[in-house]
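The two complexes that follow have chain A in common; it is paired with chain B in the first and with chain C in the second.
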Partner chain A sequence: MSKGANLLWAVVAALFIVFMLSPIVLLVMFSFTSRTLTNFPIDGLSFRWWQEMVVTRQFWPSFANSLIIGFCVAVVSGVVGTLAAMGLAAMPKRHASVIMALLTLPVMLPPLVLGVALLSFYVSVDLKLGLPTVILSHVLFAQPFVILVVHARMVNFDPRVVESARDLGATPLQAFLTVTLPIIRPVVIGAALIAMALSIDDFIITFFTIGTGNTLPTLVWGMIRTGLTPTVNAIGTLILLLTIGSTVVALWLTRYRG
Partner chain B sequence: MIAQTQMQTSGEPALLKLRGVSRRYGDVTAVQPLDLDIFPRDFVAILGPSGCGKTTLLRIIGGFVAPTTGTIEIDGRDVTGIGPEKRPTNTVFQGYGLFPHMSVRQNIGYGLRLQKRPRSEIDDRVAEALRLSRLSELADRSVTALSGGQQQRVALARALILRPKVLLLDEPLAALDLKLRHAMQDELRRLHQEFGGTFVFVTHDQGEALSLANRIAVMNAGRIEQEGGAETIYAAPATRFVATFIGDANLLDGERRDGEVRLAAGPAFADAGPAGAVSVVVRPKSVSILGEGEHAEVELAGTVAEVVYLGDHIKCTVGAAGGQSVVVHLDAATASRPAVGDKVRLGWQLSKQRIVSA
Partner chain C sequence: MENRLTAYWLAAPSALIFVVLFIAPMAFFVVLSFWQVDYFVLTPAATLANYRDVFVNYWHVMAFTVALATATAVVTTLAGFVFSFLARFRAGKWAQALLFIVLITLFGGYLMKIYAWKTILGNEGVLNTALIAMGFISTPITTLLYSPQAVVITLVHFSLPFAVLPIYASMRGVTDIEVEAARDLGAGRWATLATVIVPRCQAGIVAGFSFVFLITAGDYVTPLLVGGKQTMIGNLIAPQFGAQFNWPLGAAMSLVMLLVAVAVIFVFRTLVAWWSRP
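And now, the complex of A and B:
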């Protein structure tokens, strides 16, 4: 390839990366602006919008809801997903892949369709909308990720390690608690953190299934209906920190390398 | 060595009794219904080619596979329906199954911790086990940092510390290189003598079986073809399969009629038994090339087809009548080495041959 063509491709790639990343960079930048509008030029840096954020009436309940939902989704999908993954790993490969495809279906569906479907379901079975329904709904689409990650670990798990434990006197439960769980713990925690990240940044499904309350994403949506203030950017940056933070920890724990 | 470890087993009741034990997987029968008695302090090899059901049999004894039919009794107690954690057996698995999240010390102490032994007793017994298996220096290392031979010693110590009535070993030496394998064989022999327990191991290596075990059960296609003392198995194989699987053997086709066996290669000799096709088994080193005027109880003529120098002996293949070929092992120091194409007379004593059904 000629030098000119190489350069051209490099420019295209650079432009593409800038286009991909600049909204995120701008979001963070504008949260620190000293002006009242989210536009250029940025005269100076300040924390006024972050201060504004913490005194917004809805902020703390929404923040708490996001954390409660995220935590519960992490725990529920972590526990149930791990059990499912272990069961699937013990099944014949052909059966396991069919079941896994079925379980992954909610992830493939458009979130809007899933949200409407869940709402109609909860209404038809007369379930009161609130945090529990949001948690249930999030588990539905976050759990497949847990199952996939833990299953990948379980199929490489040396069954002789568990057999050794049984052989040395452990009941099935003791073998699980003293051998299997300690070995797969980092992967399980990592997978649960991924589930938490997915839960915290979800808007569409939360919007349909929460009823009257708010999480951070639905709060942001409500706020931009009345105007785009830099407070929204501050909340956006906070969500970004939460999800990227838990994902980074998750990737580190699961030793995920691409 | 074999003579040394050969234990007197008569008179004592069997420690491990299998009766009518079989295992089917769908349409595949891994283990045909079989009986097996193992006596206290025996070192038993279950020997057979891969896929013969030997590992399944070991797993049935250990409690990891439920037999489709039959019962297992250990020390007078029926353990057929009992899980591995309640059986007086411990296993050294192929690949060892060490706990990667524990140190050497923690691996070895695992069984005792489950038994909720007092702290001081656990410490003492683990220290003793570490010393006996020469692992004291490595006690606080992670098992993943150990070499194959060291991992094997950890697996052995972890199993033996629980003083099992029967120690089961699944291809214990398969993962080690040749030099280490010999060292480990000595180690196993030493442990068996010091520990005074009953060892049962599975192997596909006849040399390993002969050098370690005092009793051998030869398995083929889910059946035990022959079970007996190591020397008996070698000297008096009961079937064609056993003869060819253990050591080198010549198998000569023949037919028995009216109390006489006639070989396709020529010679005939008296042998009582039912009429029909038979095979005569004779070890290459029992056959000699006869010189002028020399005679043997069984003689046949042939032409040398191949001569291969193998260091300590010369392997000489002789083509005989009826398309039969006979392998002869000659001492490498022998004065006259035959050449390809030489006409020779081969001979052996009747006591050196075994007649098995074809």
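And now, the complex of A and C:
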């Protein structure tokens, strides 16, 4: 490789990183501005927009809803997805890949279509819209990610360790709890955290299936439509902290790299 | 045999969720598209009126949506390919870091990214105020925000990880030996790229394009926040399930959009396969 080509690639890499990260960095930065507009110059740093955030009407209930939904989605899709991943790993490869492809379909659909289809369905079967309907909807699109991540670990799992536990007299449940689970636990927790990040981040499907009430993204949506203040940056930073934070922990736990 | 059966039982809860919350709602959604609304009451029917409506009154919105989504998907797939190439063949020990950036931006900040672009591209936005402060321009560039370009930039930004991941995954399967063999046989840099690497990444390229096209064709938040007067089909679909209250029409619009998307993806797949023919 010539020096020139190397330099060119370094520039390309830098441009990509700036393009991908600068909107996020700027968003966080302007949550600490002391001015009322999200632009340059930043005269001084302050926490006024964070103070503004905590007294924003609806902030605390929205925050609580986001956490409740995120936690429930993490637990439900974590459990259900892990079971499915274990099942898929024990199936013939062809069946497993067909089932995996099917379960991934909800992720391929634009969230708008999934959101309005679920809304019409819930209303038609007389299910009252609220947090439970949001949780159900999120589990639908979060479980494929859990399955994908846990399955990637399960296919490298040596089944002989479970077989030896069974040979030594452990029941299937005992073998699972004392052998399988301790081995795959970090991956399962990581996958559940990814599910939580997806859930907390979701705006469109939540918007259509929550009925009344807010989560952090739907609260932000209402605020953006009435005018731009750095309070939105503060709430946005909080959302990013929750979603990107849990993703970073998840990537570290699972060592999942695509 | 007992093990076999257990495997399927383990997948049962997931499958149940999938059937009850995906197959059933989508089936109902299809049925819904043939219904009608009479005096604000949803009425079962077997009419094609909604589809006629879509093709007669909204075809230009559909065409604009397809044009914009195609532009976004082509740009994003190209950028995703360049990024993957960089990470796979040129970044060396930095590849992990590059991929990490892609993964963390994948799972977080959908709405926040769009909002960030709104604050960046506006007349009093970050870009204009920074350029003025640095003395490059004296009056703000007013055409940055509320334009199709703004929509494409924003959509490319948040859909880039969806293109990178499948393309990189397939590029990981291309071994250095294959590339070196092509070079040894006299292929130039571009010939190697066109005849070895691209064909070997077919599946990833098509998957990335499909993901990006579907996400962008169905998006309505981006055009609403950073787009101009021209709306995308999503901006017509969303109100049908709110203030406009015409679910059947909204369902018909959604399904036509999905069919068009599948058609575009099919064409793209055929083009990539043709390019990669032996």
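The rule we apply is simple: the second predicted complex is superposed on the first by the 239 of 258 C-alpha atoms of A that agree within 3 Å, B and C clash if a C-alpha of one lies under 4 Å from a C-alpha of the other, contacts with A are read in each partner's own complex, and residues count from 1 in each chain.
In this section, contacts are C-beta pairs under 8 Å (C-beta built on N, C-alpha and C of every residue); 3 or more make two chains touch, one makes a residue touch a chain.
Predicted model, so just to flag it, every value in this text is computed and none were measured.
When the shared chain is aligned, no partner comes close enough to touch A:Ile42: not chain B, not chain C. When the two structures are aligned on the shared chain, A:Thr247 is found in touch with chain C, with no touch to chain B.
Once chain A of one complex is fitted onto chain A of the other, the partner contacts of A:Arg166 are limited to chain B, with no touch recorded for chain C.
Once chain A of one complex is fitted onto chain A of the other, the partner contacts of A:Val179 are limited to chain B, with no touch recorded for chain C.
Shared-chain residue A:Trp221: touches chain C; no touch with chain B. When the two structures are aligned on the shared chain, A:Leu129 is found in touch with neither chain B nor chain C. Touch counts on chain A: comparing chain C and chain B, the chain ahead is C.
Looking at the shared chain after the overlay, A:Ala64 reaches neither chain B nor chain C.
Common to the chain B and chain C contact sets on chain A is no residue at all.
The touching residues of chain C, counted against chain A in their complex, run 3-4, 6-15, 17-18, 21-22, 24-26, 28-29, 32, 79, 82-83, 86, 90-91, 94, 96, 98-113, 115-120, 122, 124-126, 128-130, 133, 157, 160, 165, 168-169, 210-211, 214-215, 217-221, 225, 234, 237-238, 240-241, 247, 250-251, 254, 257-258. Residues of chain A that touch chain C in their complex: 6, 9, 12-13, 16-17, 19-21, 23-24, 26-27, 30, 37-41, 80-81, 83-84, 86-91, 99, 102-103, 105-106, 108-113, 116-121, 124, 136-137, 139-140, 143, 147, 172, 194, 197-198, 201-204, 208, 217, 220-221, 224, 228, 232-233, 236, 239-240, 243-244, 247-248, 251, 257-258. The part of chain A that touches chain B in the complex is made up of residues 158, 160-171, 174, 178-179, 182-183. Partner chain A is touched in their complex by these residues of chain B: 62-64, 83-85, 89-91, 93-101, 110-111, 114-115, 155, 158-159, 162.
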